[in-house]
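Here is the structure we will look at.
All chains are identified by letter, namely A, B, C, D and E, in their written order; residue positions are counted from 1 within each chain.
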Amino acid sequence: MITLGLLEKNTFLEAVNKKSGTNVLECYQCGKCVSTCPVSGYMDFPPREIMQMIKLGLKEECYMANSMWFCLTCSACSGRCPREIDVPAVMEAIRHLAIEENYRSENKKVKDIRKFHDIFLDMIKRYGRNYELRMMAEFNIRTRNLFKDMHLAPKALLKGKIPIGHESTKSAKAIQKMYKLAEKLEKDMK
Amino acid sequence: METEVKETQGKIFSAENPGITAPTDWQPVIMGILCNWCSYAGSDLTGTSRIQYPPNIRIIRVPCSSRVDPWFIIKSLQTTADGVLISGCHPGDCHYISGNYYARRRFLVTKKLLNFIGYHENRIQFSWVSAAEGPKFAKVVAKVTEDIKKLGPLHRYKKENF
Amino acid sequence: MNKLTYFPGCSAHGTSEEFDHTLKLVMQTLDVQMEEIPDWNCCGATSAHVMTENLALALPMRNLVLAERLENKTMGIACASCYSRMKGTKKHLDENPELARRINTTVIDEGEYKGTIDIKSMLQYCYEEIGLETIKSKVTKSLSGLKVACYYGCLLTRPKDITLFDSPEYPMSMDLLMEALGAKAMEFDFKTECCGASFSISNTEVVESLSGKILEVAKESGAHLIVVACPLCQSNLDMRQPDIEKHTGRKFDLPVMYFTQLMALAFGYPEKELKLPKHIVSVEAALKHIGEAIPEPEKVKKIKKAVEAESEVE
Amino acid sequence: MDYSKKIQEIASKLFADNKINYFVGYKQNSFDDSQVPFLITDPAEIPKLVFTDRSVFNLANYLKPDHTKRKRVGLVVKGCDSRALNLMLTESQVKRENIYIIGICCEGVLNEKGEKAQNCVECVMPDPVVYDEMIGSPTGKREYTINADIRELATKALEERADYFESIFENCIRCNACRHSCPLCYCAKCCIDQETSTLYHGANTSSGAMHALMTWSLHLAGRCVDCRNCEKACPSHLPLHLLHKQNESVIYENFQQHLAGMEKDDRGAFYKYSLSDPDDFIL
Amino acid sequence: MARVGVFVCFCGANIAGVIDVPAVVQEAKKIKEVKISIEYKYLCSDPGQQIIREAIVQNRLTSVVVAACSPRMHEKTFRKALLDAGMNPYLLEIANIREHSSWVHQKDKKAATEKASDLIRMAVAKSIANEQLHEISVPVTKRALVIGGGIAGIQAALDIADARIPVTLVEKSPSIGGRMAQLDETFPTLDCSQCILTPKMVDVASHPYIELIPYSEVIELQGYVGNYKAKIKKKASYVDFSSCTGCGACTQKCPVKVPNEFNMNIDKRKAIYTPFPQAVPNKPVIDAEHCTMLLKGKCGICAKVCEKGSINFKMVDEVIEREIGAVVIATGYDLWDPKPYEEYGVGRYKDIITSLEFERMVSASGPTNGVPVRPSDGKVPKNVVFIKCIGSRDEAKGIEYCSKICCMYTAKHAILLHHKVPDSHAYIFYMDIRAAGKGYEEFVKRAQVETAATYLRGRVSKIYKKGDKLMVRGEDAQIGQVVEVEADLVVLATAVIAPKDNPALARLLGVSYDKYGYISEAHPKLRPVETAKAGIFLAGCTQAPKDIPDTVAQASACAAKVCGLFAGDTMKKDPMISTINNEFCSGCLNCIKVCPYQAIVTEEIPLGHGSKEIRTVAKINEGVCQGCGSCVAICRSMAISLAGFTDPQIINEIVAI
């Protein structure tokens, strides 16, 4: 049971609204997003419930949920939302807030997804571009699941689906500089 | 609910009246122009609810805030009043459909113009008070009175009495 | 000759080489000169904006700045995901000039961001700039007999205020393009359902379920193959198909082709140019349908007869 | 900017075609290089017509009161003048079919010091917005900037401003030249002259002048086109534009960037409203 | 010289308990115009009024100031006292020293007393400028115009006509009956719509006080309350109604088939047609857009078969004029087109229909003889999914508001479906069930329990085809799961919207309408059946979505308003309205632009004394002006003054203290 006290100032709601540029209070719980969302079945709380949790100021519950990590940002929900709420933006806001405030879900899938994104960004940092085979391999090593998708590899490689060599932008340095500056900017903006 | 305003103590310095100080027992006069359907009814409700507010306001009844010509404000400031409060229906509630929208435009321009030529903006105030907002009317009057007490008596352009 | 700035995206040089290749062939036929952005970088894909705000804007901005230097009016983007990132970023930056100025400082070495370039997906470019009439005129080998299900994916037409192209729910541009090539576009309800793209590696379970549903409905529609305009869709639907078949126990056997491959075919390029061996699900059987006459379904015949009979009575 | 020849040609043609009874333009002053408004009924006087950057006055003023209801008039207008004309048309003060408007794409006129006048520097619309014939090439609408004097005064302390304006009002001699020179002050009887209204405070005092000038500027708020005829007419050289420009800037910033007379059928800002007008100044 | 009497009331202890009344009375005496200043315990009592009456006569007072409670309380009482003393009642002013002083400054008696004196000074000063005013009487033409012949218009017309007031009922289509005629059975009682409506339609046709003008439109309205003049365009019907017997031979033989809009285009009608069998008047009209004779000059079969020779292909539109005193707007509603719901495949799937289409199908007299069928293959559906809030409460695709009636008619449809196809099942996707109304919740319960309709709480997100079924996907929030329903037929409860012609009609009538196109009422709570323009009333869905009971109630309310308006030969009006001084009016006509009631018109007057030339000035229409004073404050030349609140009166108040 959750006890709801006097919600004098729902700072969580304010933070989410500000970051997402949308007003969560507009949600009237019709659930169209839930049945639209291709991954709502995998989420701890589907988008409709997340909206209500934000309204109730249940910050930690939101941060620890896997919902925003599962969001594919396919925008199907926001396109159909009768109140024109940008649901992916809300998910993204919670995600960023959770990262900023150092909340880490112990859910294996969430960890995998986070790891994937980290590797991906790291890859771009190093080469400026993404290189799929390396990406797959690194992901499998880091998630200790060496043989995942391995059955695909020979076929894909054989057919030339996934090339072995890889390229990088000439000015990977410029990218690295950009990373640094962007990080700094992020700090400054806080 | 009782609203009381403390007597302002000591000397009062007014921006519009440099060098002029007011006697300590000075009380400002505030000209209140209220629309009949919302604010006047609201001020009546303040009375029937016995909500107390400072006695400085003198109320004039007009049918609608749109009846208020800006020169009523100027005239008040030049003659009897130290400040003006004009109150009407909330946007969308106007008894005459759209009167307060026209009034709102004139009020903004008038307030800014008077401020521009040297009146403190707190001397010209506006409020939306509905017929149900008795407590709000008392609060508004208390605030306006307090603001104008801080500013002190108005002397400029009052050199000759009408 | 039209000139076009071209942003291929990482997968064009990887998994979707056939897309990149056939696109270049098709554009040659259509008399469009493509100028690839020199030294472009990854747009950041989903990962960047999932994790950080500024980087998600900085990565596409670098490409935009580089593209502006080429001084073409329009930039064409092959990959739907890149397209969405770049166009979304541009809209966001254009609406917040102050933010744009700040982000610009991270890539200032490349130049100043002006926001002058018009971004289009390659499908959009074919449909809006080149036009179906021109495309029709270049067809030398009609694809009649081939039934296709056009799959747009999520990002080509969504969100509507960013893409400003076609309907987000039931787009028709690719269908009309296929009809222009002579193929028959089937009624297909899952045109814009998500295939799970960004979880392609990290969460294959989701991808298989989503892509499975799409394949199922596409099969239902009676199509011989699925046409796509996005490398991520292609690889999810194609590469994962055997797995999906294994898990669901249903046989789909639905090849997944890029619209440019079919265009190239219709424009008379030999099959070897399509790089068909790269497909996990074999294309051969499907392409054999080209030239077949499509019979009128029984139901339609019946209804037509009934209508005629009724009108005679009156 | 010298369109004298062109205007003379047009005027001759208008008289020749019997399209007009009057023509209102500018004439060179005999004693200095300034110009004065010039009303012609006789085509023989056409050669005296001039138009240069010294043609400062707003000639729309000569259409009041009601002249055009009986006579047909040819008229030279600059951008700002044409905006005033637009308002006179909306407010049914002139008959459109009875005026022939020669609109000048104005490059700015000079002040008495020979510099480009301040209102021309800050001009938002140098091209005529209503005309039958246009002279020069239009350069389009410009960005609105808040008047430099207003900006400067806004930074001053309240009492300083109060003193400044009191000194202005003290110098007003209540001659009403401002009113007579304004094309939009066409009232049958000005409120200031009405004995029945207690508005008029006859004494020639700063408070009387303050009341009159404030009322006047509020009557022109959302209508004034910044032609500055009033200022040119003022014998005391009062900076009357301050009041108008202040109102204009408030109206521009708060009421959907309204600028008087820019469009056909534009009403003054006080004769319309928007639901989204600012409400935050109201308690 | 003014002679003012001041009367100060104790109001028991209400005033006297705080304010030093004798001191106030003395203070008032110091004002030079004040001839008499007295106090009394209760001025509003009979003896109190007697004191005022006597003082007026004895002191030959020119105006009276009563210092007592709020004018909103006893202004009428004291005005009557003045009248009884032979004085113009508008020479009264009230100083509100109770609500504005004694009750709100109870702790500061001195200040309260000073304030009371000031308020009296202000009232005295104002009263000096008061003028004698007289109630305005406006003559009335006792005939009402009802626009729209649906249930709202029918009810209003019948009620007005029953009071022996002539009514002109204008209907756009060939028959009255409106939307209600299209319905099968009505909630919550399930009585047959035709059975309760048709008798009323017949009554309209036969009522001696009702002039029914079908197939016509109002094209102009001039004048003001009690004195309107309306122009009505009778569209050419090409059938002479006076001789036509309505035998129907022409409609049988006509070879041209057109989609039947009465049946929501499910079947066909002819080019010469009566909209439905019970139509009133039961006379056919020719649809000029489809008749081959009118289009190409060939055919003319109807004329050949008509025994009475009633067909006249040369008929043209005719404009008639009526003088009327009041108008009732009852233009009804339209239904929203669900095309924007692309995710449902609206337009692509034939088996997605709107609720009105379903209504026509289940109607016993409908195109499918009362059995719902799938438009695609004509089969009777077993699983039917009803989706509510299509377009309603959807600002992204439709409109923001709730259409009010869909919850109820969807419950009705579920019940009707069960009646017509007993082995069927209804699934209803809803967001909220709004069943406020007499017997409504019970009715929904009937759908849920007796009919066992499955209610699923959620908005449907997608419909796709699987075989010949439609898969309807939505969340059922009650179990927190996404569900898919295999449907044979999907029925969309489309939103109620304002008729698209409403704004144009509102403009020509001079009434205001909201952003949705609904006609605006004068006050949302206290004047819900009046428009802001005096003498124009509204009934039914032209104002906002309504069900039948509400519509009928409002129509009767309109009738009561019209009858009240016509109760005397003239109407009395408060004299506190604006007047224009021609001499000062410069004719800028900005007052016309700000007047919310269109009470200001133009007038042409001589330019000067004896001048032949004219100038245009503004003129207040006394019958329409409501006295808000908007025009007064914007009139730069101060040509307008508002009686009771003139500039001198207000300025006197300002400078009095």
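Here, contacts are C-beta pairs under 8 Å (C-beta built on N, C-alpha and C of every residue); 3 or more make two chains touch, one makes a residue touch a chain.
Please read all numbers here as calculations on a predicted model, not as lab measurements.
J.: Going by the contact rule set out at the top, which chains touch both subunit C and subunit E?
T.: Joint contacts, listed by label: A.
J.: Please work out which of B-E and A-E is bridged by more C-beta pairs in contact, and write that pair.
T.: More C-beta contacts join the chains of B-E.
J.: Taking the mean of the CA coordinates per chain, how far is subunit A from subunit D in Å?
T.: Subunit A and subunit D have C-alpha centres separated by 61 Å.
J.: Take the average of all CA coordinates in subunit A, do the same for subunit B, and state the distance between these two points in whole angstrom.
T.: Comparing mean C-alpha positions, subunit B is 55 Å from subunit A.
J.: Just the number, please: Cα centre separation of subunit A and subunit C in whole Å.
T.: The answer is 24 Å.
J.: Taking each chain's centre as its mean C-alpha position, how far apart are subunit B and subunit D in Å?
T.: Taking the mean C-alpha position of each chain, the two centres sit 35 Å apart.
J.: Hey, what residues on subunit C touch two or more of the other chains?
T.: 168-169
J.: Where in subunit D do residues touch two or more other chains at once?
T.: Those would be 198-199, 270-271.
J.: Provide the list of subunit B residues touching at least two other chains, using ranges where the numbers run on.
T.: In subunit B, residues 75, 98, 102, 106, 162 touch at least two other chains, as defined above.
J.: Any two chains that touch count here, so list every such pair.
T.: So, checking each combination of chains, I get A-C, A-E, B-D, B-E, C-E, D-E as the touching pairs.
J.: Please output the residues of subunit E touching subunit D within their complex, sorted ascending.
T.: 583-590, 593-594, 607, 613, 615-616, 634, 636-639, 647-648, 651-652, 655
J.: Any idea which subunit C residues touch subunit A in the complex?
T.: Those in contact with subunit A are residues 10-11, 13-15, 17, 39-42, 44-55, 58-59, 62, 102-103, 105-107, 109-110, 154-155, 158-160, 168-169, 192-194, 196-199, 201-204, 206, 210, 235, 239, 243, 275, 277-280.
J.: Which residues of subunit B touch subunit D in their complex?
T.: 15-16, 18, 70-71, 74-75, 78, 91, 98, 101-102, 104-120, 125-128, 140, 143-144, 156-160, 162
J.: Where on subunit E does subunit A make contact in their complex?
T.: These residues of subunit E touch subunit A: 343, 389, 393-398, 431, 457-462, 473-477, 480, 482-483.
J.: Which residues of subunit E touch subunit B in their complex?
T.: 70-73, 96, 98-101, 103-108, 111-112, 114-115, 118-119, 122, 512, 523, 532, 576, 594, 596, 626-630, 632-634, 642, 645, 647, 650-651, 653-657
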